[in-house]
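Before anything else, here is the set of structures, which you'll find just below.
Here come two complexes built around subunit A, the first alongside subunit B, the second alongside subunit C.
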Partner chain A sequence: MSRISTLKDMDRAAQRGLASLFPKKTKIMVGMATSGIASGAQGVYDALAAEIKAKGLDIILSKTGSMGLDAIEPLVDVLEPNKPRLSYSKMTPKKVPLLLDRLSSGAADAIKPAYRMDADDFLVQGEKKPYLKGKLPAGLKDIPVIQDIDFYKKQVKIALRNCGTIDPESIDEYIARGGYYSLLKAVADMSPDEIINDVIASGLRGRGGGGFLVGRKWQSCRHAHGDVKYVICNGDEGDPGAYMDRSLMEGDPHSVLEGMIIGAFAIGAHEGFIYVRNEYPLAVANLQCALEQARACGLLGKNIFNSGFDFDIKIVKGAGAFVCGESTALMASLEGKAGEPRAKYIHTVEQGLWNRPSNLNNVESWANVPVIIARGGKWFSGVGVRHSTGTKVFSLVGKINNVGLVEVPMGIPLKDIIYDIGGGIPGGKAFKAVQTGGPSGGCIPDKLIDLPVDFDSLWEAGSMMGSGGMIVMDERTCMVDIARYFIEFLVSESCGKCVPCREGVYRMNEILHDICRGKGKKGDVELLESMSKGIQDGSLCALGGSAPNPVLSTIRYFREEYDAHIRHKRCPAGVCRALIRYGIDKEKCTGCGVCARKCPVACISGEKKKLHAIDPGKCIKCGICMETCKFDAITVE
Partner chain B sequence: MVNIVIDGKNIEAEKGATVLAVAREHGIEIPTLCSHASVDPSGGCRMCVVEVVKGGRTRIVTSCIYQVEDGLVVNTRSERVLEVRRLVLQLLRARCPESDVVREMAAALGVETQARFRPDKDKGKCILCRLCVKTCEAVVGVSAIGFSGRGKDKSVGPPFREDSAACIACGACVYVCPTEHIQMEDSGKGERTIWGRTFRMAACKVCGLHFAPVAQLEYISRTTEVPVENLMTCMSCR
Partner chain C sequence: MKKTVDEKTVRGIVKKYDGDKSAAVAILQEIQDEYRYLPKEALTLLGLEMGVPLSRLYEIATFYNAFSLTPRGKCMIEVCAGTACHVQGGFNLMTGLERELGIMRGETTPDGMFTLAEVRCLGCCSLAAVARIDGNIHPYMAQDEIPRILKNYRKQR
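Right after this comes the complex of A and B.
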């Protein structure tokens, strides 16, 4: 890898990247982010490699990150010269020969792509580059283009611009799509103040949860006293069900590095750290690879782009404490101390890591920066809504058809995310609530389905943006049980430094457990509310300060469920085992016997083709009968 | 110097001083459990929270850490403040039902026990104030004890709960412990047991009193370069 010091060097790298993004021969790309690997992409990749070799095919095989729609992975993209890029979903090693046969014979029916891309959107440059040149091949007319797929229709990709498109291990492909040009522009043509003003003008707010204006933070850090300053990337994503940052680090690590280098130049830092949790091995590997490439090209190290600016980055792996996502705990951990937060009366931009001015931003925030520099803060602020500009990446998980990563303009109505992008609730069940903002966020009920998803609206609804987890719940979800689940998570993740969080959240958990077990007492809800106030006011850091949110928001919107548990010892959603009883519907039971065979404790009996019965004394309330009954004959009350 | 108001009283305070220090200097009592003059404040017990108004914004801050600034208005006994203190004491009462210090402080502040919290049986009198750990590290300089676990399972002790090789049995941790949780026993026959390890006590050259652990005298000798023989006299015979 030769050194990149000038615009000419950049253009040469971009040409190489374009040649590999639009190759002259057939190229097959496998989505190999963790989401892909979890659904079997490695097997598909290996099968492709073996088959290509065995048949002596002249095909390039490469890896890419995640496109977002994890529900249909493993995803394999095929790109033939001048033809649309075709995406094949739910690939298996068995389907590999079919796919390769289709390529050689052109037989359309053996295996059908899920969608096609006729052009590639080069967001940084603001232009489209066509894959398809000339007429659309006959067999592809009925294959929808990606923009017409419900899941993608309303998405706008800024942070995830390269994920699933480029090979994360290729710096050339990153450069071809406009990567590192923003860095060149920043160090060659802009002053630090101009950069900061542009980021302020963009309105970009921190994507890690706090929502503080990124540009203002940079400005404070730039003006803080001290010669040695640090920039830090927070990749310690720990919310249950959230994997936005993981996907970004895996699929487009250079975008994070470029954002950090630009930030460091603007702030006046020469050393940076990326703090990633050790549970993200692929993110660590891809970041490491990107770091080595950037160093080899001189984009990190001494005298970047001959500007006299020196900067380098180290990766530090976190040991898996949720609280280390809190900035002061993260910095303590970087220093080699236990990950415990401290009071932030003196901001970390003044005294952070080793008591020096430190600017910490989250992965997604950093990844937005190169686009802001390339297209201008004004352009960025045109996306989204006032006070919440740009886009936000969400991981849409839980009871939702299209499980995956989505990037939407801020201010989009919640219902568009749930129904249009997410495809609604599986099994025709009703949508009940969505948990946003991670364990210390809150639950937004179905009646607020029109809520615009932006920082302030979520806050007013009693939840928060957080880092972007969105856990969808259907009618079969008990909201008291959900509150208990999140509180239990926080109990095990509290660092234990301050009393309200360590002891208070623990006691809330005890009470919630009691309620779920039918041992709730009159006054418990009021006690939970008053404890919440003390914990919010009294906790040392944001983990404790926001820990009561899941309880408060579920009480606010689902008070009747708490009352049902406490007063009537009933769980209306049929979830809390101590409060429910399974039965069999006389009308619906066909006597097929499936439930009896599947019951792990053999408590269901009945003659063939006759009504079956459950022995309530033996039933362990596992719910397997309900899941296996094809006739909807199992009841719960 | 800056001008501030605490509980309606106009006070001129030194810049950089903490709200707690200034309040105490002026006879305004703020309860604390984890504060000690010998170590830096950690802000863990939350008893010292106060309400401050700055630029029209009211918020709860930790007075042992929060520094005074010009125009600051402090309320040490607002409803919100008392709510936090009440919760902290109820929680600590449940954690350490045996602790007299916690019981007395709760009684003094009129805080009733919360019956809904089931008293812990395994925490002894330790309220995790950190004074022992900080003293051992910053004052004594040996770091023989530290924390293990996190959250509710956090506890203080020597590494891996084994005999600490670094401990010098000086007893500073016992001395600073506000709740008398840490046990130290002098046998009277030249032995001291602390953190599960028994140490030999040195006898005074003059009167024969077992006055200090040998390990501590050796540590002092190592850090001051005074020969250990010169340290073998007790305070009264020196």
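Right after this comes the complex of A and C.
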């Protein structure tokens, strides 16, 4: 890899990248993010490689990140010169020969693509580059264009601009799509203050949950006293139910690096750290690869773009502690200590890592920076709504048809995300609530379905933006159990430094466990509420301070479920094991006997082809009968 | 089989990081990768090599979830306890595994084959409920698949 130090060098790299993004021969791309691999993408990739070799085909095989719609993975994209890019969903090794036969013989499609892309959107440059040149080939007219797919229709991709399009291991492809041009612009044509002013003008707020203005933070750090300053990328995505940052680090690691280098130049830092979760091995590997490439090209290291600016980045792996997502705890962990937070009388931008000025931003915040520099803060602030500009990536998961990562403009109604993008609730069940903000957030009930999704509206509704987890719940989700789940999570993740969090959350957990076991008492809800107030006021860091949120928001919107558990010893959703009883529907049971064979305690009996029965005395309520019944005949009350 | 702790390995790891005290977490991770847990002898030796009190290493080792002070099985079963997995039946999956293996979460089977652990979100929320077994993610895992999956891993080892 040759050194890149001038605009000419950049253009050469971009030409190479374009040649591989729009190759002169057929190219096949396999979505190989963690979700793709878990769905079997590795097997598909291996089968493609073997078959291409065996048949001696002249086809380029490459890897890419995730396009977001995980429900249809493994995803294989085929790009023939001057034709639309075609995406084949749910690929298997068995389907590989069919696909390759089509490509080599030109025979009719034995398998149909899920959608096609006629052009590629080069967001950084603000232009479209066509895949399709000339007339649309016959037979592709029925294949929908990606922009017409419900899941993608209302999405706007800024942070995820390259995910699923480029090979994360190719710096040339990243450069071809406008990557590192923003860095060149920043160090060559802009002063640090101009960069900071542009980021302030963009209105970009921290995407990790805090929602603090990124530009203001940079400004404070720039003006903080001290010669040695640090920039840190928070990739400790600990919120359960959220994986936006994983997908970004896996699918487009250079965008994070570029954002950090621009930030470091503006702030005056020469050392940076990326703190990544231990649970994300592929993210670490792809970031490491990107770092090495950037170093080899001179985009990291000494004298970047001959500007005299030096900067380098180190990756540090976390070791599984949720609290390390908190800035001061993360910095303690970087110092090689137990990750305990400290009180923030002095902000980390003044005294952070090793007591030096440190600027920490989340992965998604960093990835937005290059676009802001390229297109201008004003352009960015035109996306989204006032006070919540730009887009936000959400992991739309749980009881929803189209599970996956979605990037939407801020302020979009929740309804659009759940029904238009998400395709509604599976099995015709009723939507009950959506949980946002992880253990610090809350549940938004169905009656607030028209709520615009932005920082302030979510906060007013008793939840928060958080890092972007959006877990959809239906009538079969118990809200008391959800509150108990989060509090139990926080008990085990509380670092134990301050009393309100360590003891208070522990006690709340005991009360919630009792309620779920049918041992709730009158006055428990009021006790939970008053304890919440004390914990919110008295805790040292945001983990404790926001810990009561899941309880308070479920009490606020689902008080009747608490009452059902406490007064009537009933779990209306049929989840809390101590309060439920499984039964068999007389009308639906066909007597197939599957449940009886699967039951681990042999408590289901009945003759073949006749109604079966469950012995409630022996039943351990493991739920396997319900999971395996094909006729939906198992009832729960 | 449990590996015995030898000084050369531990010294080698410390040397890789130049004995940097701020790399304590990374050094412990490498030691754990080597022995599948943090043996007491290795920690004692590490304390001497790095000039760090054993109590501080113990503090780190017990603070982070990734470390174990007791030997782990050959094959780690990590059940995701993320929110998406929870609403999609992750709790039933965990109790199913506990029943099938005859151990509770956090324990290792007597034959030293499996360790069952709960992990706070693997970031595969769209494939809930998931478990990671020996590094492989099993998507949409249901209770009735447990015996077949465990049998496969037993065969491999």
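Here, the second predicted complex is superposed on the first by the 616 of 637 C-alpha atoms of A that agree within 3 Å, B and C clash if a C-alpha of one lies under 4 Å from a C-alpha of the other, contacts with A are read in each partner's own complex, and residues count from 1 in each chain.
By our rule, a contact is a pair of C-beta atoms (placed from the backbone, for glycine too) under 8 Å apart; a residue touches a chain by one contact, two chains touch by 3 or more.
Note that the coordinates shown come from a computational prediction; the quantities given were computed from them, not determined experimentally.
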item: Which of subunit B and subunit C A:A321 touches, first, second, both or neither; value: both
item: Contacts of A:A19 with subunit B and subunit C, given as first, second, both or neither; value: neither
item: First, second, both or neither for A:Q435, with subunit B first and subunit C second; value: second
item: Subunit B versus subunit C as contact partner of A:D524, first or second or both or neither; value: first
item: First, second, both or neither for A:A338, with subunit B first and subunit C second; value: both
item: Which of subunit B and subunit C A:V228 touches, first, second, both or neither; value: neither
item: Touched partner set for A:C495, first subunit B, second subunit C, both or neither; value: both
item: Residues of subunit A touched, compared between subunit B and subunit C (which is higher); value: C
item: Which of subunit B and subunit C A:A110 touches, first, second, both or neither; value: neither
item: Partner chain in contact with A:R507 - subunit B first, subunit C second, else both or neither; value: first
item: Subunit A positions touched by subunit B in one structure and by subunit C in the second; value: 321, 338, 493, 495
item: Parts of subunit A lying in touch with subunit C, wherever the complex brings them together; value: 34-35, 37-39, 70-71, 237-243, 246, 277-280, 316-322, 333-340, 395, 397-399, 403-405, 435, 438, 469, 471, 473, 477, 482, 485-486, 489, 493, 495, 598, 600, 622-624, 627-628
item: Subunit B-touching residues of subunit A, taken from the complex the two chains share; value: 321, 323, 338, 342-343, 345, 491-500, 502-504, 506-507, 510-511, 521, 524, 527, 530-531, 533-535, 537-540
item: Contact set on subunit B toward subunit A in their complex; value: 42-46, 49, 60-62, 65-67, 80, 83-84, 86-88, 91-92, 94-95, 114, 116-118, 127-128, 130, 147, 149-154
item: Subunit C residues within the subunit A interface of the complex; value: 20-26, 28-29, 59-60, 63-67, 81-89, 92, 95-96, 99, 119-128, 130, 137-139, 142-144
